[in-house]
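Just so it is clear, A, B, C and D label the chains in written order, and each chain counts residues from 1 on its own.
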Amino acid sequence: MPSGALSFDSESSSEHSLIAQYERVRAQTMALIEDLSAEDMLLQSMPDASPTKWHLAHTTWFFETFLLQPYLSGYKPFDEAYQYLFNSYYETVGERHPRPQRGLLSRPPLEEVLAYREYVDKAMAQLLPTANTDIEAGVTIGLHHEMQHQELLVTDIKHALSLNPYALAVDDSTSLSAASDHKPAPREFVHFEGGLCFIGTDAQSEFAYDCEQPRHQVFVADFSLSDRLVTNAEWLEFIEDGGYERPKLWLSDGWATAQQEGWQAPLYWHRRNDHWYTLTHRRREPLDPNAPVCHISYYEADAFARWCGCRLPTEFEWEVAARTVALKGNLLESQHLLPQPAPSGHKGLKQMYGDAWEWTQSPFIPYPGFTTPEGALAEYNGKFMANQWVLRGGSCATAHQQMRATYRNFFYAHQRWQFTSLRLAK
Amino acid sequence: MPSGALSFDSESSSEHSLIAQYERVRAQTMALIEDLSAEDMLLQSMPDASPTKWHLAHTTWFFETFLLQPYLSGYKPFDEAYQYLFNSYYETVGERHPRPQRGLLSRPPLEEVLAYREYVDKAMAQLLPTANTDIEAGVTIGLHHEMQHQELLVTDIKHALSLNPYALAVDDSTSLSAASDHKPAPREFVHFEGGLCFIGTDAQSEFAYDCEQPRHQVFVADFSLSDRLVTNAEWLEFIEDGGYERPKLWLSDGWATAQQEGWQAPLYWHRRNDHWYTLTHRRREPLDPNAPVCHISYYEADAFARWCGCRLPTEFEWEVAARTVALKGNLLESQHLLPQPAPSGHKGLKQMYGDAWEWTQSPFIPYPGFTTPEGALAEYNGKFMANQWVLRGGSCATAHQQMRATYRNFFYAHQRWQFTSLRLAK
Amino acid sequence: MPSGALSFDSESSSEHSLIAQYERVRAQTMALIEDLSAEDMLLQSMPDASPTKWHLAHTTWFFETFLLQPYLSGYKPFDEAYQYLFNSYYETVGERHPRPQRGLLSRPPLEEVLAYREYVDKAMAQLLPTANTDIEAGVTIGLHHEMQHQELLVTDIKHALSLNPYALAVDDSTSLSAASDHKPAPREFVHFEGGLCFIGTDAQSEFAYDCEQPRHQVFVADFSLSDRLVTNAEWLEFIEDGGYERPKLWLSDGWATAQQEGWQAPLYWHRRNDHWYTLTHRRREPLDPNAPVCHISYYEADAFARWCGCRLPTEFEWEVAARTVALKGNLLESQHLLPQPAPSGHKGLKQMYGDAWEWTQSPFIPYPGFTTPEGALAEYNGKFMANQWVLRGGSCATAHQQMRATYRNFFYAHQRWQFTSLRLAK
Amino acid sequence: MPSGALSFDSESSSEHSLIAQYERVRAQTMALIEDLSAEDMLLQSMPDASPTKWHLAHTTWFFETFLLQPYLSGYKPFDEAYQYLFNSYYETVGERHPRPQRGLLSRPPLEEVLAYREYVDKAMAQLLPTANTDIEAGVTIGLHHEMQHQELLVTDIKHALSLNPYALAVDDSTSLSAASDHKPAPREFVHFEGGLCFIGTDAQSEFAYDCEQPRHQVFVADFSLSDRLVTNAEWLEFIEDGGYERPKLWLSDGWATAQQEGWQAPLYWHRRNDHWYTLTHRRREPLDPNAPVCHISYYEADAFARWCGCRLPTEFEWEVAARTVALKGNLLESQHLLPQPAPSGHKGLKQMYGDAWEWTQSPFIPYPGFTTPEGALAEYNGKFMANQWVLRGGSCATAHQQMRATYRNFFYAHQRWQFTSLRLAK
């Protein structure tokens, strides 16, 4: 198990609590599949996404490969072929099944994958009481890894079902007037003093990924952040003002992508009889104007910000600001699986955590002094540090335990199937 | 229900026998899915192929759309949405679900599709006893249509499972020597006198598709046909003689396709430890040198024929020759689902029916005087009469009742996932 | 030099006349480039087309490779590298420059290619007086080959210049009323008796390509052909009747192509201020309603025929009919380089030769008994006998000497940049 | 003409010197085409590159559009159509000819484009003596714009001729031993103290692009830079050590690109008889082991740095270091058009300017406080601030006047046809 950049001080976590964490995270995954059939769980709608069943198996493969095989003496793999089938991208670990063909894995069937989970969970129950520091570090990574896949599981199946005209009921019962009860207050900007700031973490007291390290100084000028996310109602104004038709608002790559893909609105929006609908959790419903806009690309976020004379925040600005608020929000545990309107009635930053990831104008590149850990997990984040953008703050599908002010998520500028939104900066 | 070009004289078939046929064909479809799971039946491995579940539903949709809705008074469709989901290509009938996304239809689930089949079967049981000529003609088309889909069901799921490294067991128990017991006699050519021949049918006494009509005269010169299909052993000689490396043996389009696709052998062949293996029904087994070569493109068939100084037959030559032999062979009912070595011990044409479709050098174009039937079934064959090639004789996945000397199957020259083989001509 | 299938009896052509033919054909090529600059002659607008300069060099390479190198003792190639640069597709002759990159050959410059032509012409002047039968046969092929390239030269540069908004003047001076002077008489059908017909040629007395051989019997039923080509005015009716919007009129492949390419009219047509314009020779002019429709794909021709209750002729019907009329028409020598309205005032078949190639419903496949000649010229036509369609009759860019009743031209169903039109059949 | 972010204080430049600059830059462009034919100048080998003729016209169009039309009273455009043909990407200015089809513009011919240059130059000679501040600012931009296109002209035609097997002579006369005379000293690292540094410029006293502004503070940690560029000899070690075969050395996107493109060495390298050759200016020569490696992608530069335990510098580190050395080097004026071996014999940073652009690990994003200028030139740099990487230091094709410590060039990570190299950092 790698130590170093990925390690953290786990002395305070008792053996008992690691077991409890393991059980809680693994159970949370299972809770997410409750309303899905074996057929649903086989769907792969694009190379970027994976079948639910694959997520179930891959997260289990992670514990088998990086914990049970090296550390549990006498451990016998559940099935040798799984090594090939359920490796995601670890070149070090060996060959793997081609990503775009994960949806063709009707076999092993779901029940075997569920048996695999149980088999590994039982073996982990043997290993965990004996865990030394290396094992604890590895288990913690494995759990954070599984929490990341919980979010992908939610967004991947949402995308797959969205392409099935039969799958999702249309619910017209939510009237637009009802939604208006939660109308957020007008946007206000919160000012922050700049200066030399510490960014990132050295991760002695809590878990953090390699890419959040090391803690280092960045000079940040004075800045202001909007107190809440942009809403659907505000996005409609952008659309109505020709936001999708004016190349001058867009980055060059963004305009080309928008033209090629025919973007006229965020992903999952569609118009019917002069009303906009969107996809909520397993339903098609009238668009809630008060909810944060969601499922937008970096290009759209950037164009919107330019349209209203603002810009996106840098990831440093976001982190500086986030440290001033408590880590709470509409995260996975609140079980909405949908961004919610900003609460009104108090001043200051809202929605910093949860609801939807916030695109920043910062490309995902290494922090000064970044090093990859030894071993297979060297491939965890470092090799993706090109052409992607940092998103901050977590979403309604992010587990609370996974989130922290220094967390750096990253996606390509054109990707829209995650819960992505924006907060304006000046 | 259309009559005319698609009609046939069914006076001899009693009400009872049409019901019996209906039940037999529908049951035969269900027999083909016995070893498949709901997950297997969702697989779509390429746009050319469809999920098993889709075949089950589409063949049922055909009876609902063309028989029950027009003719059974008071019939209530099982589910209005199925009209959109399970239409294949009938523009006349309305919009339809995009073909490459059939594999995303996890919903409706398999059990609902099976319930759909039962629902329609029950309604058909009401309709059939009252059937007039139009209904009988329509039911007969529907049954032939379903038999066509039985064959596609078999070849489509074979292709899908072939891409799953986990799905198919390797069976080394069949030794090459064992296979040699059935070694066919050396190829002999059977000579036929040419002349003005009648080709096609006017279909008064048995069912035939529009594209087999009308019966017309074709001048055929003297010709000879090989008495059996080309074997795997003979194909190995072609490979070893550089068959896949010599552009002069190939059509220009064929060579370009072979290079682009990296063809080095027929589909499903792979080499391991100096032995060739292929895919049989749900297993990977050592190649049987005596069995007919199978899963080859038109381009490969054409190159092989040129390599050995022969050519492919025309569809007219094949039809003239086929009329001299009895309609029997290794068809679906023999349940091999695999081409078998030619029987030895008697002279004359063997394997004319069953085992594998034989590529002819005849493009699929209309016969002189061809007309499309009225109504939706006008789209049945006519609109595909460009860029495809005629195959004759049926395969191990073709129902006996579906086969006849005038039957014209057709595929694109590059397609290989059907049971396709070749017979040499001179 | 190959003999056999490509040979013909040239005893009647004196040494003198072969020289005269050589000089005439080579000069005709040069006449076609008179209004083109060195820059124009470098253009390659698509992989299907070649630069003018490449045509000039390739036709010369043909004489150097197949005549001068084997037969003129002491002949020294103009430049060894040309062997690679100007080979079109003769695998036997060796490697070649990739076709889509012909437009990158700024070097050798035009003047060197012109010097190459002169150099080879001088050497040919040495060889021709000594020509034996093999040489005569080879020269004749070379001249026919060059005439084929004359036509490609004309259509390729037309396509390339069509994509340059600056290259082609718009000429509004031709008024639509002026055009109406030549309004052709209404379409009439000419009836032909069918029967066993001889098709193709054995080419003893005049040149013919391998693919026109051997002469063989085909049974042709009674048929009727329209007395002239379809006009632009008639095509406008098809457009106005939704011809490009009704899938039922189209072959399945054709509809897919038309949708993908966005076809709304023949190639080079565009609409401006409610008037249709098209591309004539180096000009954009108002569409002449009386001229034959031109630059259409097979798919469009087929859809038009279906729209008006007719069909396309087979190549056999066309050949039978063509033998009843004299070989004359608007061919290259008339220097229009544009199809002309059918002459009125006499009954019977018009425009059988020249004006525009007529799509037939016959795929380009070998005649019974077809054999390829020995040597490199084996690659001449045989390897293209798949997926293409036969066109008959020549066009305004076809040299008179090249044309005959048995000539089979062939293109893919989607190609439109040749002078292609249609004649209706019943 | 825009002012603001693009303006600079030009009081010190007399009217005379602006004229002199104009003449010098325009003449320098013409000097670059001396050995090119009209045919060469039409070549476009990929959408990223443009024909030489297009560069000649576009740079002229810039003066016509942004200077002559707004400021020279009575100015009559040379040809109205050029507005469309030679606009590059200014959406504000109107529609434009599609970029990938620039190579189809055989017309207007070269001589007309040269006449266009003269016509505009004459008009500029009228305008320049009357230039006010706005005009001076515009002319200066126009000249810098033209210098940028000089570099593209050189690299674009190099790429186009590289694809012509006939165009470039192979020169074996340079022996490898001869090259060794210039062997650079082993790489040494120069240490720099970090701290809060000023980056960028406010451009009051010299020209700078919008993207170099505003001057702002960045915290830079201590760092070391290699004293010279990586050499071809060092790159060969990387190749021989499996640099192109070990995925762990590569970014994920880089590995995918390298596999797809089949990269085994830098662009233009090829191996013949166990020796490596590369493309110098219009020749193919044995690789000079002492010259800097050139024509590499960001991905390759990054992999090389990782391979030798280093990293690429940030653009801030580079700028801090560059301010310590004089602005001189192997730039366009030295007329090598080829990177040269580092001079030996003195300590400290070498090759900071000229020879080849140095990839930095900094994505091209806006500086804090960046604003786009008003008007059409708002599109100059801002809209490209996504997915590209900053390169610093200029190359052998960069005009001296164009270069400065704050200059930010940018390309996509996969692009290799510019003169690109790397300097290691720690």
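One rule holds in what follows: a contact is a pair of C-beta atoms (placed from the backbone, for glycine too) under 8 Å apart; a residue touches a chain by one contact, two chains touch by 3 or more.
Because the structure is predicted, anything quoted here is derived from the model rather than measured.
Colleague: Give the chains in contact with both chain C and chain D, ordered by label.
Modeller: Common neighbours, chain C/chain D: none found.
Colleague: Going by the contact rule set out at the top, which chains touch both chain A and chain C?
Modeller: Intersection of chain A and chain C contact lists gives B, D.
Colleague: Pick from A-B, A-D or B-C: which pair repeats the contacts of C-D, with over half of them the same residue pairs?
Modeller: A-B
Colleague: Can you give the whole-Å distance between the Cα centres of chain A and chain D?
Modeller: Using C-alpha averages as centres, the distance is 38 Å.
Colleague: Which whole number of Å gives the spacing of the CA centres of chain B and chain D?
Modeller: 60
Colleague: Give, as an integer number of Å, the spacing between the C-alpha centres of chain B and chain A.
Modeller: Their C-alpha centroids are separated by 47 Å.
Colleague: Sort out which chains touch which and give me every pair.
Modeller: Here the touching chain pairs work out to A-B, A-D, B-C, C-D.
Colleague: Chain B touches which residues of chain C in the complex?
Modeller: Residue list for chain C touching chain B: 89, 91-92, 196, 216-219, 221, 247-248, 250-255, 298-299, 302, 314, 361-363, 365-366, 368-369, 378-379, 383-387, 413.
Colleague: What part of chain D is in contact with chain C in the complex they form?
Modeller: The contact residues of chain D facing chain C are 37-40, 42-43, 45, 81, 84-85, 97, 101, 103-110, 160-161, 163-167.
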